[in-house]
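Each of the next two complexes has chain A plus one more chain, namely chain B in the first and chain C in the second.
What follows is the complex of A and B.
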C-alpha cells in the first residue's frame, strides 16, 4: 500500500471527533431535547427497583425479543440434508430475513428460496405461487429435494400444502417422484427450535414413507448403526466434536440433519449451492438402526415421538451436553445404546479437562451469572456453571412458552439447580424478553452474562461482561467453529469464560500489573 | 385496516403519478427474493431516532428485523428498541387490537416518545385488524401522534414498502408542525438513511455552504423536524426508487421543487450542492457553494493520487439497489475503475437510464439476483472486485473475489468528498490483502490451480 497512510476510523470512533461532536451540539437548537439532567433522571429511573416492578407487570408489548421464528429453524433443518433446497412458502421478506440472519451468524451464504406470495395470493390462495415456485426453483437451483415450510401468511389464509404439492406434480411442475417434504411453521406459534423440530420430523417421516421400507430396528447392516440428532445447532464445531467422540467409540452412525457442511464450506474458488448434509438414501435406512441419540431433547420433541413411535426404536435423549458431567452422560448413553465401552482416549481427555477446571476454579468460584438462551442450551449451561462453582442467578428463556412445554422444562431446570448448593440463588424466567433481563441485571447485579449477541445491550447498560454463547452471534467471528459440547467443548467454554474474568481483573487493576495468575 | 387498492399501489410503486404508470415488477416465485414491504417501511422510518417503532404481529417480525441496519443516531436511541405486540395463536383467532392498544399505552407511559409508529404485518393485515382506528383512538387519548404504517410484507417488494412509509409521513406527519426558527433557506433530504453516518458528512458540507438542512427524511431524523418539512424551499431526493413519490406529492401539495441527486463521488456531490443553491435561488449562496466545492475537489484530487495509481484500469461488478446502482458508478469512474457489470434488479426505469448514461456500451446488466448470476459476470468479465451487499458477501469469499460491502450493514461512510476517499482506501485494501494470493494458489502438493483471474 502507499506510503501516505490515511487514518480512517471506523464509525465507532469516527464520530467522537471534535467536529462531529460540535455538529451534534449545534443540532440541539432544532431538536429542543430534554435537559441532560432530565435524561439522567429518566435513565436512573429505568434502572430502579420501582421500574423493575412495573416492567415485570407488563402484560402487553414485547421489548427486545430473544427468539426467532419457526421457518428460520426449518430452513436450518433443511440445509442438513444433501442437495436440499429450503423453500419458504409465503411472502418474500421472511425468507430474506432468514438468509441474512443465518449468514450473519455463520458468515456463510444461505441458499433458500421463497414462493413470494403477494396480495393476489392473499385473496386467491398461494397455489399458483407454489406451483410456479417449485418449477422455477428446481430449474434454477437443481436440488435433489425441496423442503417447504410456511410463513404466517400462508398459515393465516390456510394454504393446504399437501394438496398444492400434489397439484404441482399433476401439472408437471415437478416430477412425480421428486421428493418434496413440508412442514407447517407459522411464526405465531413456537420459535426457531419448534420449526427445526417440525421440519426434521417431516423429512424423516416423508422420506421413510416414500421408500416403502418397513421399520425393523436393529436389523441388517443398519443394525450396528446409531442415529444421532443434534437439533437446532448454531455450532458447526459441535458436529465435528460428536463425530470425534463416535469415532473414538469405533461405532457406525448416521447424523440425521447435518448442516455443518453447508455452513463450513471451503473457499475453493467455486461456490456450489449444496455442501455436505445427510444423504437422502440414509434417512429411510435409519429406521433400522439400533437406536437414536438425541442431543436436544426439548427442541426435538416431535421428532423423538416419531422415532420411538413409528420406527419403534430406542431413543436416548439429552440436553446440549455442556461440561464434564453432561458429557459423561453422553458417553454413558452411547455406551448403553451401542454396548461398547467408553474408550480410554476419552477418559484421558476427561482427566485433562478436570485438570483445567482445577487450574481455573479460583477465578470462577462464586461468580454470579445471568443466562439467556434456548431451552436445551440453558440446561447445558446451568450444568456447566454448577460444576465449576459459578452461581446461576437469572435464567431467562424467551421461547420456553406454553406451547413449548414450558412447565416441564422449568421443572427440570429447578431440579438441576436444586442438585447443587450453587443453584440456590437462581430464578427461572420463561417467556420473558431482554428488557426484563436488563432490569434484572441492573437491580440484582451479576458478574457475568452468558448469551447471544442480542444480550449485549442489556449487559452493557448494567456494566456486565458478556460471554457470547448460543444463537445468534453476529458481532464476533468464528465462535461457531469451536465446539462447546463434549470434553473439548467443556474446555473451550472454560477458556472463554475464565479469560473474560481475567481480562476484567486486568482492566480493573490500577497501577501494578500482575502476571501471577 | 384501510384496504390498499391495487391500482394505488401500482401507481406509486414505480414512482410515477401518471394514471397509467407501469406496475412494479412482481417478485418471481421460487427465487431467493429480497426483502418485503414491511422491511421497506421499517427501513424508511426506523431512522426517526426518537420515535418508538412498534411491530403489530408475531414477535419474530420484530425479532428478525431488529438490529440489522447501520442507520446511526447522533442522540436518541429509542428507535433501536425492538417493540412487538407478539401475537400468538389465540390473537389470530380473536383479534389483537386490545394487545395493540395496551402496547401503545405502555410505550407512551414508560418511554414518553414524541410519536409512535405502528407497523402492520402479514398477519394483522390478513386477520383484518383495524389498526388505523386503534392508532387514531390512542393518539387522541394520549395526546401524541400514533402513526399507522400499512405496509404488510405481502403487498410487494421492499421498494413498495419505502413508498408506503412515505405515504404515512405525508398523511400523518408532514405539515402538522411549524419550525421554531426562520426556515426560509431550508432544504429537506429525502431518502438518506445515515448508514454508517453518511448524513453527517453531507450535513457538514451543507453547513459549510450555509445551506440549512430543514428536515432529514429520515436518516438520523427527529420526529418533530419531519412535521415541518412542508416549509422547505427545496427537496433533494437521495434515493429516488424509495421516496421519489413523496417529493412529487410535496411538490404538488406544497409547491416545493425537488431534484434527484446523490452524494457518491465528487462530481455528484458538487452537482447536488449546486443544485440546492440553484433551487434556493440565492446568488450569494451559489458563489459560496462554488468556492466550497472547488476547494474540496482540489483537496480530494490531491489526497486521491496514490489510490488512483493503484485503481486505474481495475474492473468492478456492482450489485446494489436504488440510488447506489448508478451513483456509485460515477464514484468508481472518478477513481479510474471500470464497471463491467451492474445489477438493475432494484432500479427504477429512471435509475436504469442513469446507469446507461454512465457506463460503456459493453457493460453487462444483471437484471435478477442470485449469487451465481453475479459471480458469472465477475468471472466472464474478469473483474477485480465485487461491490455488493451482505447477503452476497460470503459467496464472493467462497469464490475468492475481493469484495466491498456497500449496503446497510457496513461500517464505513462513502458519501461526499471524504467518503470517496474512504471508498478508494477500502477498494485498495480489499484488493491488496494478501489473503487473495494465498486463496488462489493451490496447496503446494496440488498442481491444479483454482479460479484463475
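What follows is the complex of A and C.
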C-alpha cells in the first residue's frame, strides 16, 4: 500500500465542499426556483392531515407503487427449472428491464432473451420474431426448455403463442419434441406475483400434458414424495431452509420452481448460464406425489387450482412462514401430508429461537411498525410482529388488487390481527402506494418500517428506520442469502430487527455510556 | 506486442460460428477490426442502428428507456408520468443516479415513480380520460411542479390514445407545460430513437418559451450530461472557474426554466453527442448557436477540451483556462503517479450505450490501460466514425454485441477489466474478470472533470487490483493461434 496520502473525497463529501455549495446557489438564478418560503410551506403542507386526505382521495395517479409487472415474475419462475431459458415475447426493452431489476436484487446474472418486436411487428404481428428468436436462442444458449411469456405489446396486438410456437416447430426452427412452455402475462393485469403464478402453472400443466402420464397421487416411487412450491421468492436462503426442514423430517420431496441455484451460483472462473433448478423430468412425475405444500398461497392461486384440480392432489397452503407460530404450522402441515412426526432437532431449534425471543423482547415490545410488501409476505410479517409483541399499525399492499382476490386476503389479514391484542391498532391498505404510506408515517408515526428498498424514501421523510425485508432490496447486500422462513429465519428476522432498534438507542443515547443491553 | 488484425478477424469469425446462418450473416456486419486505413479515414463498413436479432441477449433497451430514463427523467422540477402499465416506471425508477438538488416530492421529482398503472379497462376503453385526471391530481399532490411530461409506454400507441389532445387541454387548464412524448418501447430499434423523440418534444413544447434577464458573451449550455453521480456538477465547476456562465444544464439537475432559456446561450457544449445532437443541430439552425463536442473523461481529454472550448472565446477566457489547468495539473499528476504503475498495460473491453465507449478511452489511457475492444448498444454511423481514430490498430469495434459474443471475447482476449452495465456485471464476476458499471458508475462517481478523474482512477485500481480475484480458480486462458492482444 502506498504511503502517500491522496485526498479523494467520495460524492457525499465532494458536493458538500464550499465550491460546490457556491455552484449550487449560483445555478439557482437560471432555475427559476420556487422561493424558500414556498418550498417550506409546500413541505409542511405535504406532511399535513389535509394533504393526507387529498392523497387518499386521488383516483388515478399512482405514486411510488410497491409492485412490478407480470412478465418479471414469469422470468423468475422460468429460472426455477433446469436449463430453462426465459423468452420474453414483445418489445426488447422490457426484457432488459427484467434482467436488470432481478440482477440488482440478487446481484447475480439473469439470462433471458426477447423476440425484439418493433413497429413492423406491431402491424404484422410477432410471428417471424418468435420463429427466428426461438431458433437463435436455442442455437446460442443451448437450453433444454424455453419458457415464453408476453409483454403488454404482444398482448395488445393479440399474438397467438400456441400458433406461433407450432409454426416454429413446423418450420424447423426448433425440434418437434423441444419443450416450449408459455404463459400470457399482460402487464396491465395483476403484478409480478400473478406473473410468477401464471408461468409456474403453465410449466406444470404443459410438461405434464406432454408426458402422457396420468395423475395418480400417492402412487409408485413418486408417491412417497412431497411437492413443495415457494412462490415468488426473493430469498435464495429460504430454499436452503426449507430443504433443511424437509431433510430433518427425512421425507422425499420435489421443489417445483427452484431458482436458488440460478440466483446463488459460485464464482468459478466460468459462467454457465444455467445453475440448478427443478429437473424437467421431475415435473410430470410430481403429479403422482402424495401431496403439495404451498408456501405462498395468494401468489400461487392458479397453480394450486391446477394441482388440486387436474392432479387431484391434497394441497396444503400457507403464506410465507415467518416466525415461530407460522413455522409450527409449516411443520404441522408437513407432518400431516407425510404422516411423519416433527423431528426432535426442529423442536430443539424452536426452543432456542424462543429463548432468543425472550432475550430480545424488551426492545421490541410495543414497537409500532409499518409494513409494506407482497400479500403472502405481509401475512408472514404480521404474524411475526404479533408473536414478539410488536404492533403493526400501517399495513400496505400495492398489489392486493381484485385479480388477486383482494377481499379474501384482507379478511385473512384482519382475522390474524384480531387474534392478538397487539393487532388492534392496525389498518390494512389494499392497492395503495408508497406515497400513501408517506402520509401515514407522517400523520400517525411509528417506530419502525419494514419493507423493500423502495420504502426508504417514505421512511426517510418520516425519520423512521427501515428494516429491509422483501423485494426488491437493491441498496443492501446479501440480505436474500439469509433465510427468513423457518425457525432459523425467525431468528434472523429477530436479529435484524432488534439490532436496528438497538442501533437507534445507541444513536440517540444521551451520553451515559450504556454498555448493558 | 501489437494487436493482430488477422487474428482478431478470425477470432470474431470463430465466435460467430455458433449462430444459425441468417443470424450469423447479420452479426458479421456488426464487427470491424481497426486498421491503419480505417483509423485514418474513419471509414466504417460496420452496420449500426438496425434491429437486434430476436432471441439473442441484446444489451439494448427501448425508446421509453431513452426518453424517460435518459432525457426527460432527470429534469427535476417536472413530473414525468410513466403512462401505461406499472412495469416500465418501476424498472426505470432511480436506475441512472441522476443527482439533483432539491427536496424529493416537493420541488424535485427525479427519484420517484409516477405512473398511470394501466389496468385492463384502460386498454379496452383507452387511457385518455384517466390521463386528464392524473394531470389534475399531480397539480394537487405536487403544487410546486413546473410541468408534466407524458412518457408513453407500448400500449398507449397501440390502442390509439390521443395523448397530444389531452396534453394540450391540460396544459391550458393547469397553466403549465404538459408535454406528450411518443416514446413507446416498440418504436425504433433501441433507446436511441427515444432520445430523438424526447429531443423533438423539448424542441416543440418548451424551447424558447422563457427569457433570460441579462445575457452575456460567455453564456454557454451544458448539453447531454445526465449528472450521473454528479458528473455535470464536476464539469460545470471547471467551465465556471474558467469564466464561462453556464445558463442551462441538460438534463441532469436541469429545470424547465433552463430548457426554456437555453436558446439565449452563445455556445452549446455537448458531452453526450449521441443522445442530444438533435438539439444542438436544431439550435444552430433556429437560433444560430454554434456547438462543439467536448470530453471531460480523464485529464488529457479534459485539458484538450478546456483549451478547445477556450479557443472559441477571448483572451481572458484563454488565460483563465490555462490557470485552471495549471491549478489542477499537479493533482492530476499525483493521481496518475499513484495509479498508473498499478494499472499499466491492463487490457480493457467496453460495451456501453452511447458515447462512453469512445469518450472514456482517454481516461483509461491516462492510467496506462489499453482498450482492446469497444462497442456500443445503440450508436449510429457517426459514433463509429468518431471511434476509429481513438482506438488502436487491431482493436475490435462492435455494434450491439450479444451477451454470448462479449463473454467469448472476454475469455479469448484475456481482458483485465470489463466496463458495461448491471445486466452484464455479475456474469464477469463468475468469470473472475474485474468489472465496473459504466452506465451508472456502480453507485460511485462523479467521473467527469478533474474531481471525477480522481474517483475514476481510484475505482479502476480498486476493481482491477482487489485481492479477491486471486481467490477465483480461473481456468487456463486459451489464446487463439496468432492472437497477440
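Quick note on the criterion: the second predicted complex is superposed on the first by the 514 of 517 C-alpha atoms of A that agree within 3 Å, B and C clash if a C-alpha of one lies under 4 Å from a C-alpha of the other, contacts with A are read in each partner's own complex, and residues count from 1 in each chain.
We adopt the following convention: contacts are C-beta pairs under 8 Å (C-beta built on N, C-alpha and C of every residue); 3 or more make two chains touch, one makes a residue touch a chain.
It should be emphasised that the depicted structure is a prediction, and the values quoted were computed from it without experimental measurement.
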Joint occupancy of chain A by chain B and chain C, clash or fit: clash
Touching partner for A:38 - first (chain B), second (chain C), both, neither: second
Touching partner for A:59 - first (chain B), second (chain C), both, neither: both
Touched partner set for A:363, first chain B, second chain C, both or neither: neither
Chain B versus chain C as contact partner of A:117, first or second or both or neither: both
Partner chain(s) touched by A:178 [first = chain B, second = chain C, both, neither]: neither
Which of chain B and chain C A:14 touches, first, second, both or neither: both
Overlap of the chain B and chain C footprints on chain A, listed as residue numbers: 2, 4, 6, 8, 10-11, 14-15, 19-20, 23-24, 26-27, 30-33, 42, 54, 58-65, 67-69, 72, 87, 90-94, 96-101, 103-104, 107-109, 111-119, 121-122, 129-130, 132-138, 140, 151-153, 156-157, 186-189, 191, 265-271, 435, 454
Residues of chain A that touch chain C when the two form their complex: 2, 4, 6, 8-11, 14-15, 19-20, 23-24, 26-27, 30-34, 38-39, 42-43, 45-46, 54-55, 58-65, 67-69, 71-72, 87, 90-94, 96-101, 103-104, 107-119, 121-122, 129-130, 132-141, 151-153, 156-157, 186-189, 191, 265-272, 435, 438, 454, 457, 461
Of chain A, residues touching chain B in the complex: 1-4, 6, 8, 10-12, 14-15, 19-20, 23-24, 26-27, 29-33, 42, 54, 58-69, 72, 87, 90-101, 103-104, 107-109, 111-119, 121-122, 129-130, 132-138, 140, 151-153, 156-157, 186-189, 191, 265-271, 273, 401, 403, 435, 454, 474
Partner chain A, residues of chain C touching it in the complex: 18-20, 22-23, 51-65, 77, 81, 84-88, 90-93, 95, 99, 101, 103-107, 111-120, 122-123, 130, 133-134, 137-138, 140-141, 143-144, 146, 153-155, 157-159, 185-189, 191, 210, 212, 229-230, 233-234, 236-237, 240, 246-249, 253, 255-258, 261, 334-335, 338, 402-404, 407, 421-432, 444-446, 451, 454-455, 458, 472-475
Touching residues (chain side chain B, partner chain A) in the complex: 4, 6, 26-39, 54, 57-68, 70, 72, 74-76, 81-89, 91-92, 99-103, 105-107, 110, 112, 121-123, 125-127, 152-158, 180-181, 196-197, 200, 203-204, 207, 222, 224-225, 303, 306-307, 309-310, 370-372, 375, 390-395, 397-400, 409, 411-413, 421-422, 425, 428-429, 432, 439-440, 450-451
